[in-house]
Amino acid sequence: MTTLTPAILSELEKQSIELPSWAFGNSGTRFKVFGTPGTPRDPWEKIADAAQVNKYTALAPAVALHIPWDLVDSYDDLRKHAEDLGVALGTVNSNTFQDDEYKFGALTHEDAAVRQKAIDHHLACIDVMDATGSRDLKIWLAEGSNYPGQADLRGRQDRLNESLQKIYARLGDDQRLVLEYKFFEPAFYHTDVPDWGTSYAQVSTLGDKAMVCLDTGHHAPGTNIEFIVMQLLRLGKLGSFDFNSRFYADDDLIVGAADPFQLFRILFEVIRGGGLNNPDVAFMLDQCHNVEDKIPGQIRSVLNVQEMTARALLVDKDALTAAQKSGDVLAANAVFMDAFYTDVRPELAAWRESRGLAGDPMAAYAASGYQAKIAADRVGGVQAGWGA
Amino acid sequence: MTTLTPAILSELEKQSIELPSWAFGNSGTRFKVFGTPGTPRDPWEKIADAAQVNKYTALAPAVALHIPWDLVDSYDDLRKHAEDLGVALGTVNSNTFQDDEYKFGALTHEDAAVRQKAIDHHLACIDVMDATGSRDLKIWLAEGSNYPGQADLRGRQDRLNESLQKIYARLGDDQRLVLEYKFFEPAFYHTDVPDWGTSYAQVSTLGDKAMVCLDTGHHAPGTNIEFIVMQLLRLGKLGSFDFNSRFYADDDLIVGAADPFQLFRILFEVIRGGGLNNPDVAFMLDQCHNVEDKIPGQIRSVLNVQEMTARALLVDKDALTAAQKSGDVLAANAVFMDAFYTDVRPELAAWRESRGLAGDPMAAYAASGYQAKIAADRVGGVQAGWGA
Amino acid sequence: MTTLTPAILSELEKQSIELPSWAFGNSGTRFKVFGTPGTPRDPWEKIADAAQVNKYTALAPAVALHIPWDLVDSYDDLRKHAEDLGVALGTVNSNTFQDDEYKFGALTHEDAAVRQKAIDHHLACIDVMDATGSRDLKIWLAEGSNYPGQADLRGRQDRLNESLQKIYARLGDDQRLVLEYKFFEPAFYHTDVPDWGTSYAQVSTLGDKAMVCLDTGHHAPGTNIEFIVMQLLRLGKLGSFDFNSRFYADDDLIVGAADPFQLFRILFEVIRGGGLNNPDVAFMLDQCHNVEDKIPGQIRSVLNVQEMTARALLVDKDALTAAQKSGDVLAANAVFMDAFYTDVRPELAAWRESRGLAGDPMAAYAASGYQAKIAADRVGGVQAGWGA
Amino acid sequence: MTTLTPAILSELEKQSIELPSWAFGNSGTRFKVFGTPGTPRDPWEKIADAAQVNKYTALAPAVALHIPWDLVDSYDDLRKHAEDLGVALGTVNSNTFQDDEYKFGALTHEDAAVRQKAIDHHLACIDVMDATGSRDLKIWLAEGSNYPGQADLRGRQDRLNESLQKIYARLGDDQRLVLEYKFFEPAFYHTDVPDWGTSYAQVSTLGDKAMVCLDTGHHAPGTNIEFIVMQLLRLGKLGSFDFNSRFYADDDLIVGAADPFQLFRILFEVIRGGGLNNPDVAFMLDQCHNVEDKIPGQIRSVLNVQEMTARALLVDKDALTAAQKSGDVLAANAVFMDAFYTDVRPELAAWRESRGLAGDPMAAYAASGYQAKIAADRVGGVQAGWGA
């Protein structure tokens, strides 16, 4: 029985998911960061690891950088290094949460000098983008406050807008700014960009090159995330996804691991709204592999997105529309669930093989010996960590 | 020691909180609605009860109507009845959730005929507004779906916009439309206007006379509501409040009962953003007194808002700003908390007496004999219920 | 490819899921209860409808009663009626939430006379059990308070225990009491049996015939329900399940509809802990079909449980244990997910046919004409509602 | 007007709140730990800082230790150092979350050797208790898993019990074990002691010297914490509190900062259940001062507990009981709120002065010059951090 039609396979063939360089370094919680053998010690090694994911899946042709974690002397060299390994350098992520001066804010800080420092950092990130050919500057802000009264919420919002205007003005014609929102953490009482509405209101004042980034782990409990996907696509402001999954807070687990059905619903709305393989909507992972192996963790992640995209593409839209129009709740839900419950894995494996890839990328990677090699080679030096 | 300065008392004197007519009828949960002696049997009796709240507090000079629950033959007569009792008719609330045809939506329904019926209902509500002199049409929509796949989220959002455009076009020059959002209930899987961002995106396409209504009980767990108050005031789109409080879902408890400090923070942001005694921002209650007495429940509610407004006005803004600018977290929080912990009740009682009101409105109402009188008089007929 | 081994099919053949009689009546939210053609008007018609579910699935051989909603003059007759239709009368559910006297509690009430009334109701339920041959008395209590200070939490807990002791004392040797817990609703501030710990602490003082009932929709957001399943099985106190699903509150949606993977995890722990087809652990549905058809809604529900049980039985326990012991997180998770993602539906359909059942029970019921028949026959009288 | 009666002041005089040594070191989130001048570099300096809190408040006569963070060569010397500064050494906290071997568990680990190591660590903690004269061993476990399937939930629970039995067996006659529960973090999918029910079930099997520790920040959203306080006191198993506050997750903010009314309700139930100044129930702080000053943060914290205890003692219990018994919801709530809204601060300040303390401990500490002194003195060395 063939369920994955040529049209579906054609969409899947185009699918591309950007990997975060920081997923290959060590990460953890405030309680402990566990180290693992073979962890990269510099951006070059992170990109080498990322290229392994693409090698076995053909799904991950770009690697997102995080500045300053991925600062190098020559981005020309880094780009060539990446290209030699079959991948490109992708989105540039700024960081305004690890300097002592940012304790009480960066783009929103009361002190104009601190704000300027944070703005300058973003301008430097755009310099990197010019060198790497990256299109997107992704801005996630750790800014907020821990205690009521600590901060002037309104003043901060106004200052945020001023700062973003200055960064936006520096963008090249083919560059974009995507503003990520996050419900809470690391600030506990208030966060300056806590929800999609705030990100949308902010980027709407900037211009067409400013978009919203939706991280699937950054919402309050019970939030219907696919509704937000629908709304942002409808408003023309969904710039990118940070995929991961969560049980409670911003757990940054493997995408699809905590609630596979939620991922299905999200991808269905992506397709419904024209966001699949649409260059305006970047697919990216943002995960932390605290207790599991990192390269296989990333392989598992992109496969999860691929498999669930295949299922979402299987939804019989005509039957669904007919059931919706007739108010047949159970029939509509049945059409939807039928696609979700279809096991696309055997066909996907066969299709991979038809394209010269391993049917089981996890097994192929495990058999490759790469992990043992890096464990042996990467001795000495300082392992890259999530914050390094 | 006097803490409530003339400037503060002047603000408090201007304060006005609209009462919902439906708060005086019986209400409950899906499990049971308990009846109480003296419950009104028609809109005239509801307004008489509402007038009691204003009589003892001078805080509640207007009563919001709910159509069709408050349909009468002559709104001229109802207005005169209200005026004779010292109150005005206020916001008109539409209802598109109790007709069988609305089972799968109203303004968003797949069927144009059902949508038109719902639109027509809103036009009829504006007719009522013309007769009563009401300014605001408040739209809360129960629309959504219970099962993934049941509804076309995107199509519904587009249809919602079309329907709202038609309603908006009918508004008079001095009339407004306020669109309320709600996280969940009565739909369980998706709600068509679930968050402030959606309400804001929708009303922004309509025009200046369309605003957002913020119900304090309609957010996901952990949401920072005062941040949304700040943001909507900043964007010029906060049209009205529905005050109540909640522990878990949309409990519709007495405002300030569940988390008094949250109410303080909300009112602080109202003041900070220029929303207090600003005609653009209507203060309204939306509560259900399931187990407590209704008239005293409403008296307690408006007093809670008044007392907490007094505390929020007490915040020493200069000291707060100085602490915020210097990054002194504990000092800023202390300025904030000092106002919250100040017991303004004795001074407010004295001030009430100075204005010819009872110092203790709850006790004065209890002593008035009104409750016994309505319990004796209102025998026979059908008690008004939340949905009647 | 055959994945469902004889051992698995043997387990599935034994599976039995009790249906709630009230699922066949109308239900809704505090906003609206929608009616549907053909809704039963009395317990006899409810049981007839329930028998349809069993007819097409062979999964639902018992029907739970709710007293007083299902009061009849002769339980002998009702039992014969059920048996004639191929089903048995099952668990008896008490109701202490719809009398005016229970406004402030029943088994916990301050007034001994009200408590005695509630105790007597439970004793009457046991009389019904004697007549029907039911084993289990299920107690769900709506008791709690809406405002801090309203109730004496400690006194209520002590009174609850006294009342339960009296009910327990009346149980026959082969009868049990199962005490359900619920996080919130209809009380908003506190609930007298809010969590498994409270139910466990209470029933532990009663004796071996008192157990905990776990309703899958009665937990705080983010709660790991399968952990509780594991713990109660470990403690020997898991008496029964009320299956349903939820997105936010106690939505009472079709089991498995909101989070199929959660249902998988729960059933895996049932199997792991020896709870599958164990007479000590009753499987029951507790759902409300507010917008979908009721009989097909129940058919869909028992099929969901069956399909997910099949998947949970597919987990390769040896491989799982090996991966767990070696700390191979990705491998362990992969074994687990492999079972979840396996599409068991075609094999289950074939197996059903081999047993003389329809491969697709939903289609078979739809084709049977039963729905049209009851819509035509059941005209006049008062439709059964959730609270009737 | 005097509201704090001699009986109330007598209770307040007896009040004692243990401070955590780790609150004086640096702490932060996974994103960043900010350093501050004057931060202690060893246990001796932490105790010196803790003694400052007691000096200005007379509320904090004991300091809890964390092993191995507070390992010293001679606990005799440390005890004498503490006594010289007017404080005692209190609860000993174990740590099984920072060794690489504990990546997949400690007391629950699959490997008996790892379990034994974790057990031995607890035995070593009891050795410290013998040396310091501490009564309580507090066990908080970071154990759990991040992915479904990763761990055998049931096996871990059984192993946990075995390990606890071995630790319990080593306790002296006057020593206790308190087992803390936590909803989530650092494990994301499951936690081995996630709720009070699990902690209660575990300690109940150990014996009378094993109790539950309730950390106010360790519950699912919406949990009624005062209910749990009531229940554990009722069951005789509330061993200690870890006080702090939170807006969303385990924020570890200053107690009373996020929801003062919740703290009031908790303390009311403590009093109601006989837990105030009851030696069986230890009051302790467990907080992280990420962005605020640490010593004043602790002073503010113990004052918050004292002030809220005073308010909770003000509740007119006779009036409350009368209103509760008569079902007068508003009157009962009014009695409760009246106490909460009473401003006890001026009277407490006067009372402090009458006892030879500063009326305003925060101001007195600020004026003391201690902060400047430690900032100047404590240069060089390694600052103590939360994990060090």
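Here the chain labels run A, B, C and D in written order, and each chain numbers its own residues starting at 1.
Everything below uses one rule, namely that a residue touches a chain if its C-beta (ideal position, glycine included) is under 8 Å from a C-beta of that chain, and two chains touch if they have at least 3 such contacts.
Protein identities per chain, from UniProt: A, B, C, D = L-rhamnose isomerase/sugar isomerase.
From a predicted model like this one, the values you see are computed outputs, not experimental measurements.
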Partner chains shared by chain C and chain D (touch criterion as defined above): A, B
Of A-D and A-C, pair with higher C-beta contact tally: A-D
Chain A and chain D, separation of their C-alpha mean positions in angstrom: 38
Gap in Å, rounded to a whole number, between the CA centres of chain C and chain A: 40
Where chain D touches two or more other chains, by residue: 103-104, 145-148, 150, 183-184, 189, 221-222, 224, 247-248, 257, 261, 291-292, 329, 333-334, 337
Chain D contact footprint on chain C (complex, rising order): 103-104, 110, 145-154, 157-158, 183-184, 189-191, 194-198, 200-201, 219-224, 226-228, 230-231, 233-235, 261, 265, 269, 272-273, 315, 320-321, 323-325, 327, 329, 332-337
Residues on chain B engaged by chain C in the complex (per definition of touch): 27-32, 34-35, 97-98, 100, 103-104, 142, 145-148, 150, 183-186, 188-189, 221, 246-249, 251, 253-254, 257-258, 290-292, 386-387
Contact footprint of chain A on chain C as seen in their complex: 221-222, 224, 247-248, 257, 259-262, 291-293, 296-297, 300, 307, 329-330, 333-334, 337, 340-343, 345, 362
